[in-house]
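Okay, got some structures for you below.
Shared between the two complexes below is subunit A, which has subunit B as its partner in the first and subunit C in the second.
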Partner chain A sequence: MIVGKSIPRIDARDKATGRTMYTDDLCDRRALIAKIKHSTVAHAYVKSVDISEAEKIPGVVKIVTCFDVPDFKFPTAGHPWSTDPHHQDVCDRVLLTKHVLYYGDDVAAVVAEDEISAADAVRAIKVEYEELPFVLDVQEAMKDGAPQLHEAYPNNILNHTSYRSGNYEEAIKDPGLIKVEGWYDTPTVQHCHIENFVCFASRENEKLVVVTSTQIPHIVRRVVGQALGIPWGRVRVIKPYVGGGFGNKQDVLYEPLCAFLSESVGGRLVKLECTREETFCNNRVRHAIRSHITTYCRKDGTLVARKLECFSNQGAYASHGHAIVAKGMGAFHQLYPCPNVESDSWTVFTNRQVGGAMRSYGMAQAIFAVESHSDDICRAIGMDPMEFRRKNLMPKGYVDPFSKNEQYYDTFNQCFDKGAAYIGYNEKYKAYQNQSGPVRRGIGFAPLWYNTAVWPIALETAACRMILNQDGSVQMQVGDTEIGQGADTAFSQMAAETIGLPFDKIHILSCQDTDVTPFGTGAYASRQTYVTGMAVRDCAERLKDKILKTAYRYTRMQPYLMDIQDGNIVRVTDGRVLMSVGDLAMSALYDLDNSIHITAETTTQTKSNAYSFGCCFAEVEVDIPLCRVRLLNIINVHDCGRLINPALAAAQVEGGMSMGIGYALSEKMIYDQKTGRLLNGNLLDYKLSTFMDHPHLEAQFVENYEPTSAYGTKALGEPPVVPVAPAIRAAILQATGVPMYELPMDPHQLFRRFKEEHLI
Partner chain B sequence: MAEELRQYKQVTCTINGKKRTTMVDVRASLTDMLRNDYRLTSVKKGCEVGECGACTVLIDGEAFDSCIYLAVWADGKEIITLEGLEGPNGELSDIQQAFIDETAIQCGFCSPGFILTAKEILDSGVLYTDDELRKLLSGHLCRCTGYENIFQAVKKTMYKRLGKKLPT
Partner chain C sequence: MYDIKALYEATSVDHAVQLLLEHPQALIIAGGSDVLIKIREGSLAKVELVSIYKLDALRGITKEADGTIRIGSLTSFSHIHADPYIQKHIDVLGDAVNMVGGPQIRAIGTIGGNTCNGVTSADSASTLFAYDAEIEITGPEGVRICPISKFYLGVGKVDLRPGELQTAILIRKESYTGYKGHYIKYGMRNAMEIATTGCSVNVKLSQDKKTLKDIRIAYGVAAPIPIRALKTEEAIRGRKLSAEVREEIGRLVLEDVTPRNSWRASRDLRLQLCSTLAMRAFEEAVKKAGGEIDG
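Take a look at the complex of A and B:
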């Protein structure tokens, strides 16, 4: 068994020696350097751009302004293309803009011989603006008469969707019901992968070659084609190793601009690298979502009628848009089945950083609201939070009529039992009741729910190609991407297992090149072990079939009498080794009568989806006078099906927990209300969790085999971040009796709330 | 920037055991010099203002953010980058092997810096407490690992080097 083993990742040695080449490491030193002139106002029309001084700076090769770029509108979301125009992403971008929509928008770009002259020239460019009023808050932006960002979207509403079941208005007339209501706010945060976005572009034989740090090379190829108005086949995108993505690089970022700048200097090599400040200000962010939940329930915790309204702050451009909050809204009625539900979600443009995909795709926001509200219900009716969850959460056998997803197991109870046992929940929950004094402890938990991949909302397709080498090893190519999560190692384990080869006989092409690797949409939606796993399985079975059929020629045994085990062709009837796969490959390839190069290639479309589940338990100590939370213990338990590589799976969970801890306690992008400028767009002022901010992170699993999956696995990449903030909130609530309604629960927030509740 | 406006200075230093000399722009950082002039691409750029630790190198045995250390200051110094840890026949140092064994590497972008700071910690020969270790490693940011396995890799190697049994 190779699947299920904690094999070290295939790229670990190179990464431990510093040999791994990331995008910037591969860029030739001759490259011209591109830098962008960003706006210093939040909303304006560009009246003029004066480049006369900038052009004089020695080393400047070319300056392009918003008046020089083509008018091809393009989208940026890393979504699969849709042949139905109604399902295509919003095309609201041009390469450089005359209508500035946020503080930092792209107005002009410089290409120069080196970084210093490029930076000097950017500073020397003078932009004249016709300033317009701007709006940062969603509720303000929806009002009549608010500053309008995009003409086609009145009241700045990008989209509004609803879900209805039963009859909410009728149901709430029952006089015996208890009403619980709350507003829950989540902040804008950034992905903070340590490798900033970087790409370089040049023309090679009339083809535009873009090398980029992306999660979605095949989508980047399409969007570069759209943005430059050239056939997609003329664009070649190469993705080397990536220093983290977390969804930010699931957007097309500056690849189209870089490609355009290269074209504008005759196809010469141009590099565009974001600074850390640009990564914060000019890439993508997690949507701030404000949720309003009303629940009518009975004293015993029975849910009778529920209403959810979510307002998602999209920022200046559509990017992934409404998909984020819509996914979160979908959790509400599935996670807690209730006969009467009304939910509505709005995605609203504001003059802020652009919201895109970020690890958990709206679910961290949704679960914070939903689970905080669950604890508020428990408080209102005096019910035990664990009992409430066990009573109301999606039960075994639940099937979602839309996705056809099914809850096959008693997962939530299994996860709760495992997490509670590790952290000592029951004993501590009792011990921490009714504390007094300035320093108090609390314990809490929250469940999580996540869909795997994007079917049936959008296309799910993956491709795989395998080529048998002379030594009996296999070259494998997929279109889906390794971005640090360990996908290449997992795919290799799957291939080795299905073909019957030792792990070291699988050689995966780790870097995607759209001219070489087959099509794949990329790393997102925690989809790859599930969706790409199906392509790997199918391709591996085809290759194995070909190997055995070819082996008939040399062994004279019927293919059904043979199997491949540990790199050998074995007669299954008596276990005799007939020949090695290497000998077969040599014989077949160099056969003077009938040479065969054994290969297989497949595209699989996935028309199923799988629920992924889990929970987080957290124990905290709250210093009330200091308004500080210290995290003492934390565990995530996940049911992501069968584990392909337990050590890599645990590592994924730990990273997600860390991101969740930052989301809960410290991370927030802060805006100057007077100018719309981002105030803390750097790693000093933006409080990413450090080594000092974590206790031991415990990751455990409940391995319920996913019946719809090629290898029994389902989503794990994103889910770990989801339940952490509501679990910590529950622990703070138990310690202090004070519910928090806004993330992060940093000292500012705690001070405000403790003051309101007269604790200080 | 025109060539005539530039100011260059000769810098001679030992890099990974070899004496090297080059002319550098006086404004260049040590990161720039190591990456651009010597193609030592294990020295990563994550912020270029000393916040993330990805560009860490050892200067006379001490871990520094090379992005906020001027290249000209390196004159006469002994610099070690991650490339310098590998033995002549590709042997890995104990801490590199520990990063592999403990699954402490994911995207790998912060790894070179972490490994060099870990080397400084381990070379000190001191047995640090968990809290002290966390503090000593806190100059590095990582978004993939939650630091958990990096901590395990450094701690286990520290105990191994000192011939002590890892407390359970």
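Take a look at the complex of A and C:
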């Protein structure tokens, strides 16, 4: 068995020794350097751009302003194309903008011989603005008379969707019900992957070649074509190794601008690299979502009627748009089935950084709101938080009528039992009741819910190609991407398992090149082990079938009498090794009568989806006078089906927990209310948590085999971030008796709340 | 790429003085952990630099004949943290500089740079204030000594005149003998952080460990520059150790500090911290000095 083993990552040695080549490493040092002139106002029309001084700076090759770019509107979200125009992403971007929509928007670009001349020129460009009022708050932006960002969206509402079941208004008339209501606010945060966005572009013959640090090379190709108004086939996108993306690079970022700049200097090589400050200000962020939840329940915790309203702060451009908050809203009625539910969600433009995809795609926001509210219900009715969850969470046998997803197992209880046993939940929960004094401890937990992949909301397709080499090894290519998560290793394990080869006989080509690699939409939605796994399985079975059929020529055994085991062709009836796959490959390729190069290629569409579940338990110490939380212990338990590689799975969980800890306790983008400027867009002032802020991160699993999956697996990439913040919130609540309603639960927030509740 | 117009490398302290006089617009660069960041941001584009980094004479910690501890201005944080004199006599300073940034910054960053920046948040500054450190400055006229409380002139401004550089930090024997201190850096995370507020307290106890013969309380980020809580010190000096005294410190320091509202932290939060940190640092310092506070 190769699937299920903790095989070291195939790229581990190169990455650990610094040999791996990332985008910037690959760029010819002679490349011209592009830098962007960003706006210094939050909302304005550009009246003029004066480049006369900038052009005089030695080394400057070309300056392009918002008045020089083509008027092709394009989308940026890394979503599959839809053939239904109503389901296509909003096209609201141009390469450089005359209508500035956030502080830092792109108004001009410089191409220069080197970085210093480029930076000098950017400083020397003078922009004249006609300033407009701006709006930063999501609910302010919806009001009549608020500053308007996009003409086509009155009250700045990009989208509003609803869900209804039963009859909420009637149900709440029952006089015996207890009403619990709360507002839950989450901040704008950034992905903070190690490798900033970087790309370079040049023309080779008539092709525009873009090498970029992206999660979605095939989508980048399409959008570069859309933005420049050229046929998609004229664009070639190459994706080398990527130093993390977490969803930020599930957007088309500056590839279209870089390609355009290269074209504007005759196809010369142009590199565009974001600084860390630009990564914060000018890439994508996690949507800040404000949720309002009202629950009517009985004293025993029975849910009678529930209402959810979510306001998602989109920032200046549509990007992934409403999909984010819609995913969270979809979880609400599935996670806690209730006969009467009303949900509404709005996605609203504001003059802030652009919300895009970020690890968990709205679920971290939603689960913080929903699970914080669960704890508030427990507090209101005096119910044990564990009992409430065990009573109300999606039970075994639950089927969602829309996605057809099914809860096949008693997974929540299994995960809770495992997490509680590790952390000593029951004992500590009792021990920490009714404390006094300045420093107190608490323990809490929260479940998580996730959907693997995007079917049936959007297309799920993946492709795989395999070629048998002379030595019996296999070259494999997929369209889906390794971005640091370990996808290449997992795919290789799957292929080795299905074909019957030793693991080291699989050579996956990590780099995607849209001219060479089969199609794939990329790394997002925690989809690849599930969706791409289907293509790998299908392709491996086809290849194996061809190998055995070809082997008939040399072994004279019927294909059904043979199998491939550990790189050998074996007769199944008696286990005799007939020949090695390598010998077969040589015989077949160099056969003087009938040479055959054994290959397989397949495209697999996935029309199923799978729930992924888990939970987090957290134990904290709260220093009340110092308004600070120390995380003492934490565990995540996940049911992501069968583990392909347990060590890599644990690594995913640890990374997600770290992200969750920062989300819970320290990370937040802060805005100057007077100008709309992002104040802390750097790694000093933005409080990404460090390993000094983490206790040991424990990752455990419940391996319930996913029946719809090629290898029994399902989503794990994103889910680990989801339950951490509400678990920590629950622990703080137990320690202090003070519910928190806003993330992060940093000293500023604790100070405010402890003052309000007279603890200090 | 760093946009540096010229780099003048000093080969001796005298040479550095000469270079600074020849290039009055030039900035001094030592470890570079602050200057290079500003250059990268573009706020110092086309800067001229006088590098003193190679002046090994300014590196290291020595004990002079009169007991003064002399810290060369180019001594790195990690060096100070590991130094036996510091560990023996002013361990709190070693602890404080061990909270700067992360390991790489502590290996490159210097105590001279930390103090010459003139920022209130410098991790070394509050403890140096608390120990009445003196600053040795070398310039065209020779060497002069300036108490650290006079060295800081305002936000980002220190008392360095044309052609001058800081060459050492001196801590006199009477300033450290018999004193034990504790520094608390309060930040929003536990590494890679500048202080939201920092408090350094040291005490000298009576023979029987019951009375406070002396107390010194210093803060970073409680005012535009590092400060001493002099009124509180005055009121508490000579008192018997007790829980009431601790609480009184917590109240009194609020009269000494003048933190500002900023997006990094509100004045109210900083006041809460100033009070709590003083009490906590006081308690730790007393413990280290062998005393006890009941309750």
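We adopt the following convention: the second predicted complex is superposed on the first by the 760 of 760 C-alpha atoms of A that agree within 3 Å, B and C clash if a C-alpha of one lies under 4 Å from a C-alpha of the other, contacts with A are read in each partner's own complex, and residues count from 1 in each chain.
Following the convention adopted for this analysis, a contact is a pair of C-beta atoms (placed from the backbone, for glycine too) under 8 Å apart; a residue touches a chain by one contact, two chains touch by 3 or more.
Here the structure is a predicted model, which means the values were calculated and not measured.
Novice: Which of the two partners, first being subunit B and second being subunit C, lies in contact with A:C627: first, second, both, or neither?
Specialist: Once the two structures are laid over each other on A, A:C627 reaches subunit C alone.
Novice: After superposition on the shared chain, which partner residues are touched by A:H748: those of subunit B (first), subunit C (second), both, or neither?
Specialist: Only subunit C is touched by A:H748; subunit B is not.
Novice: Look at A:I116 in the shared chain and tell me whether it touches subunit B only, subunit C only, both, or neither; answer first, second, both or neither.
Specialist: both
Novice: Touch test for A:D251: subunit B only (first), subunit C only (second), both, or neither?
Specialist: The answer is neither, since A:D251 touches no partner chain.
Novice: With both complexes overlaid on chain A, does A:M692 touch subunit B (first), subunit C (second), both or neither?
Specialist: both
Novice: Of the two partner chains, subunit B (first) and subunit C (second), which one does A:C192 touch, if any: first, second, both, or neither?
Specialist: First partner only.
Novice: Once the shared chain is lined up, is A:I670 touching subunit B (first), subunit C (second), both, or neither of them?
Specialist: second
Novice: Look at A:L679 in the shared chain and tell me whether it touches subunit B only, subunit C only, both, or neither; answer first, second, both or neither.
Specialist: In the superposition, A:L679 contacts subunit C only.
Novice: See if subunit A has more residues touched by subunit B or by subunit C, and give me that chain.
Specialist: Tallying touched residues of subunit A, the top partner is B.
Novice: With the two complexes superposed on chain A, say which partner A:D480 touches: subunit B (first), subunit C (second), both, or neither.
Specialist: Neither partner.
Novice: List the residues of subunit A that touch subunit B in one complex and subunit C in the other.
Specialist: Comparing the two interfaces on subunit A, one with subunit B and one with subunit C, the shared residues are 114, 116, 120, 683-684, 688-692.
Novice: Would you pull the subunit A residues touching subunit B in the complex into a rising list?
Specialist: The contact residues of subunit A facing subunit B are 6, 8-9, 11-22, 24-25, 29, 57-59, 114, 116-117, 120, 191-196, 241-244, 246, 275-276, 483-486, 647-648, 650-652, 654-659, 661, 682-684, 688-692, 694, 696-697.
Novice: Which of the residues in subunit A end up touching subunit C in this complex?
Specialist: 114-116, 119-120, 123, 277, 625-627, 666, 670, 672, 679-680, 683-685, 687-693, 746-748, 751, 755, 760
Novice: Give every residue of subunit C touching subunit A within the complex, in rising order.
Specialist: Of all residues in subunit C, those touching subunit A are 1, 3, 41-42, 45, 102, 186, 188-194, 196, 263-266, 268-269, 272-273, 276-277, 280.
Novice: If we count contacts the way the header does, which residues on subunit B are in touch with subunit A in the complex?
Specialist: 1-2, 5, 27, 36, 40-42, 44-49, 51-52, 54, 81-83, 85-86, 92, 96-97, 99-101, 103, 105-112, 115, 134-135, 137-138, 140-149, 151
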